[in-house]
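Sharing a structure here in structure tokens format.
We just call them A, B, C, D and E in the order they show up, numbering each chain from 1.
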């Protein structure tokens, strides 16, 4: 899994029928110090994440192991909203402090 | 998933029999501001996308989770045509405006 | 899928028994203008491709979705020989012209 | 598989229900001389790894082939704690010496 | 598949039980001219490869399609020992000459 920040949304009315009802969010990839990189990913949302939140996302076939993405052509899923991250003994992200 | 723009087509008469009838399109990868990068992908089309359109594509085993790609040796599929993208509160792409 | 040019062959007598009879070809990755990059891939051949030909190859689990690669430890397969490529309205590759 | 050093932890209370009880650790990727790169991965822990330890992790669908990650939306798993690494005839890492 | 040279070994006593008996080797990635890059991979050995040998390895779910790696959390496998490589009409590697 990698860390990302939810920065955007996307509307697509013409899509594979099995994707109906699935919400797609745009994530900027984060490093473990919380800095945004240039990479991004469009991911299905399995946990009700909101704009600005730091999330954990899984890619590949693992992205289909949720109720909302099962058997769908979806290769990235937000599977957790992050409360806090600690690296090398320091809290690098705390939702209540930095969120 | 990643964003791409449909920029080309490809003809291949000598191919795996199971691919018969599948349409392949050439995509340039887009960043979330809509700029084209140097990367590309050849993807099967599951939604009837046309040249110039911005699409969402899935890769890996997830690319086989559509009626047209099921059990085929295909690792990328266009699964949605994008109407609009909003990032950091701004509409970075709107098909009716930019398409 | 990505585009590659068949540039070489490989002999391996000591291999996983299930790979017996499978032909491996060496591909240089191509961009969509037809230029060779520094990347390569060793791929199983499902279509009878020859040295110098431009091909389309699939990777990952999708590479096992052909009769010759089914259930084998093979992560890349040539699934089509390319006749022509058109990008931005121009033919960037034509086998009868450039092949 | 790649080598990583466990450098951090992560708390996420709002997550996919199937992830309940799974422990996530943050890994910095290591090269084979033991130097830390800029890459990282958040991985599920299948072996009881601790902060500072050098571990081996698997990604993709292979990350679901453990009792704790089976059928879960998890794309990276720590599947071994490394005791020692020898490269080009030299011991580049020994847990009892460097750990 | 990609080419690699076996450069090292790794000992891990604390590991996922299903990995018991599996031998892990450290590979440096090779380009098709035989030059070593900076990348590496730790792979399970399905063919009895030895230090210094040039091998072919598969990654992802394809790495589980051997008797020794089936259903194990293993994402890379050595599935062939390379005897010779020919690129652009020249033998770039011959085990009996260069091995």
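Convention: a residue touches a chain if its C-beta (ideal position, glycine included) is under 8 Å from a C-beta of that chain, and two chains touch if they have at least 3 such contacts.
Computed from a predicted structure; not experimentally measured.
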Notebook entry, point to check: How many angstrom between the C-alpha centroids of chain E and chain C?
Noted result: 21
Checklist line | Approximate Å spacing (C-alpha centroids) for the pair chain B, chain E | finding: 33
Next item on the list: Could you check chain A for residues that touch two or more other chains and list them?
Entry: 59-61, 63-64
Margin query: Taking the touch definition from the header, please name the shape of the chain graph: line, ring, star, complete or other.
Written below: ring
Check: Going round the ring from chain B toward chain C, what is the chain order?
Finding: B, C, E, D, A
Next item on the list: Over in the complex, which chain E residues touch chain C? Could you list them?
Entry: 1-3, 31-32, 46-48, 56, 58-66, 69, 77, 79-88, 92
Check: For chain C, which residues are in contact with chain E within the complex?
Finding: 7-16, 18-19, 24, 26, 28, 38, 40-43, 59-61, 63-64, 71-76
